[in-house]
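Each chain carries a letter (A, B, C, D, E and F) given by its place in the written order, and its residues are counted from 1.
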Amino acid sequence: MPHCVIARRVHFNAAHRLHNAARSDEWNRATFGPCNNLNYHGHNYELDVHVEGEIDPETGYVLDVGILKKVVDEAVIVHLDHRNLNLDLPYFADRIPSTENLAVFIWEQLAPRIPRGRLARIRLWETPRNYVDYEGN
Amino acid sequence: MPHCVIARRVHFNAAHRLHNAARSDEWNRATFGPCNNLNYHGHNYELDVHVEGEIDPETGYVLDVGILKKVVDEAVIVHLDHRNLNLDLPYFADRIPSTENLAVFIWEQLAPRIPRGRLARIRLWETPRNYVDYEGN
Amino acid sequence: MPHCVIARRVHFNAAHRLHNAARSDEWNRATFGPCNNLNYHGHNYELDVHVEGEIDPETGYVLDVGILKKVVDEAVIVHLDHRNLNLDLPYFADRIPSTENLAVFIWEQLAPRIPRGRLARIRLWETPRNYVDYEGN
Amino acid sequence: MPHCVIARRVHFNAAHRLHNAARSDEWNRATFGPCNNLNYHGHNYELDVHVEGEIDPETGYVLDVGILKKVVDEAVIVHLDHRNLNLDLPYFADRIPSTENLAVFIWEQLAPRIPRGRLARIRLWETPRNYVDYEGN
Amino acid sequence: MPHCVIARRVHFNAAHRLHNAARSDEWNRATFGPCNNLNYHGHNYELDVHVEGEIDPETGYVLDVGILKKVVDEAVIVHLDHRNLNLDLPYFADRIPSTENLAVFIWEQLAPRIPRGRLARIRLWETPRNYVDYEGN
Amino acid sequence: MPHCVIARRVHFNAAHRLHNAARSDEWNRATFGPCNNLNYHGHNYELDVHVEGEIDPETGYVLDVGILKKVVDEAVIVHLDHRNLNLDLPYFADRIPSTENLAVFIWEQLAPRIPRGRLARIRLWETPRNYVDYEGN
């Protein structure tokens, strides 16, 4: 059977602050600029989840995008949506919640839970004009 | 001369929390759901600013959208972008920073500063799927 | 209190066929072209629902867009999503399911059920390049 | 019968230069900045054409958007697409081809040719972030 | 000469139903949910066609996107647009018209007809939030 | 550390004409059609710049997208925005300013100036419906 990639776009929004506690306030302001704002700022994130696999002849699916949506909601969205990444997620207690690190977090949550095929790539949009692609290594 | 409406779309992102301090925590959770999250969440806002007026025959403009962009940046964006609406803006010390109230705040900042024509409407997108239109009354 | 318009965009997809049973097949083919295809075709519809009203000072809302989404889902989307407009909706047994008539149907379903404020306008996108605005009269 | 607004989005691209020949080069550079570039620049324009009228019970249409598309192509797009507004259109020999003036030109071409209903509004996007609304007066 | 990928996005809309005739109605309802609706539903599809090849120094093109558009229209769109995938296409008489299988069908139609370069990938959007990538194997 | 791709979308607009001076006017009209218009036409270009590299644990960044934006502005946008590609850029004195060749030009300007990681791909949109991907060879 042919194999292909299926993708589902999901949405969440969150607050965050880019700050490295091991460095001085001056360094943080110079490095992160307005993203270092003490009181946080926030984004509407869009997440494209790509799963690669063979098409199942019985269903015509690599993986039902409805099932994929449910997996993403339970493994990722419930932890991130309407949250503060710095304060509400233990993972970011000692990591900077940049788009890059957030993509790695999402990958780690999601990759082991894909029920058919394999997670091939995630694209995480922080704004409509910047995004990160991560493929798990 | 004919008159028309010109519009410029600008972007900012911010954190906020919907909470009415005069009401109980139970009421707030029931009313605002995840938007009441203690540690804030956030959005990428898009703002469409509409200015109505006569076309100036000398320039072909109602108002140069470059000038409009500069006015919006100085009157609005500098106060909102990469900020926490609840903590960083005195205006929201005793108002809930809903999209509706944020639209009213933006109007009040912007309407008196339009250098030609008049502010006709603002459309404020909180997410790509919900927005508020405000015309100043 | 100031009043404004809040809007929520919702999605559904459906099959339909444009056909006037009172007219000849030739007339129907000449009038509707490919939209008259005997076996139906279909669209992803986007629906913008606009509700106008005063801002409630206690919540900062005209109407919670989460509540609006629920009302639209129950009054409209459940009847239209993943359906055949001609065959699955009695309303279109004797009406042509054009975008115009579909907008009127949605208005009739929705207007009496808005729990706060009033339905001000719906914009119904049939494709990303054509849409209908309806204000109820 | 209910009446509503139907809309069709069409695309064209063109070169132009903002320049007022009655004023000095200094004035033009100060007023139009990079838009005054001697050798022209250009845009992908998107045009939303709104036609208002009663729904025809025989077709369910205010006006077939396919017919509307054909009218817009013949009355407007053929003159503007892949053209230089300053050099290829006599209308702009003595007018500045700003988005405002271009909207007026399009209205004048289009309004008398709408075969059913009436032209209610055009929205002309010069870029994805700025546009003009014109209603004919 | 350098080589690159050119892409053209095209649009079609169609009705379909996901149903495996070899399985029970219960299995079909459980597997496909609302997509199994007896009377079909439908979508606006967007198709991105990617062609890879060397840039021709005489034209600056890998392949004129106008020619590519014409090839896609004749090989694919004429068969799919305003059609019912299950009833109007013999290919889907014994295949489920999922996005995955539809992408394979499009590839088979298109790959042998690319007049310069080679078909590198197609991306087929079923809705603005889910799509399939297929590279031909 | 994991590595990923970061991307920033930037905008510019320009006029151009597709014309090969070594060939006859007939050949040029037949080959380029309306894109050969003597007086130029124009586009709003969108450019996605992809940079691949390891995530820096100190910042959480592959490369600050603000720095990337500044590099792209200085190396590319200042030369292209509000310009005529044929007349204002010496590079296109003897090359056809097709989207393909423009992508190669942008790559050559940009690749040596990326301050961290490496330029992995550029995607250049000439219109919302056609684009070119270039990876530097």
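Please note the rule applied: contacts are C-beta pairs under 8 Å (C-beta built on N, C-alpha and C of every residue); 3 or more make two chains touch, one makes a residue touch a chain.
Keep in mind it's a predicted model, so treat the numbers as computed, not measured.
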item: Steps in the shortest chain-to-chain touch route ending at chain E and beginning at chain B; value: 2
item: Chain F reached from chain E - shortest hop count over touching chains; value: 1
item: If a chain touches chain C and chain D alike, it appears here; value: B
item: Which of D-F and A-F has more C-beta contact pairs; value: D-F
item: Interface numbering overlap (same over half, different under half) for chain A and chain E; value: different
item: Centroid-based (C-alpha) most distant chain relative to chain A; value: D
item: Duplicate of the E-F contact set - from D-F, A-B or C-D, the pair where over half of the pairs recur; value: C-D
item: Most distant chain from chain F by Cα centroid; value: C
item: For chain A paired with chain C, centre-to-centre distance based on mean C-alpha positions, whole Å; value: 33
item: Inter-centroid spacing, chain F versus chain C (mean Cα positions, whole Å); value: 41
item: For chain C paired with chain E, centre-to-centre distance based on mean C-alpha positions, whole Å; value: 28
item: In chain A, residues with contacts to at least two other chains; value: 128
item: Pairs of chains found to touch, sorted by chain label; value: A-B, A-E, A-F, B-C, B-D, C-D, C-E, D-F, E-F
item: Residues of chain D touching chain F in the complex; value: 11, 13-16, 34-35, 37, 39-44, 81-84, 87-88, 127-128
item: Touching residues (chain side chain A, partner chain F) in the complex; value: 18, 20, 23, 31-33, 95-101, 103-104, 128-137
item: Complex contact set, residues of chain B against chain D; value: 2-10, 50, 55, 58-62, 64-66
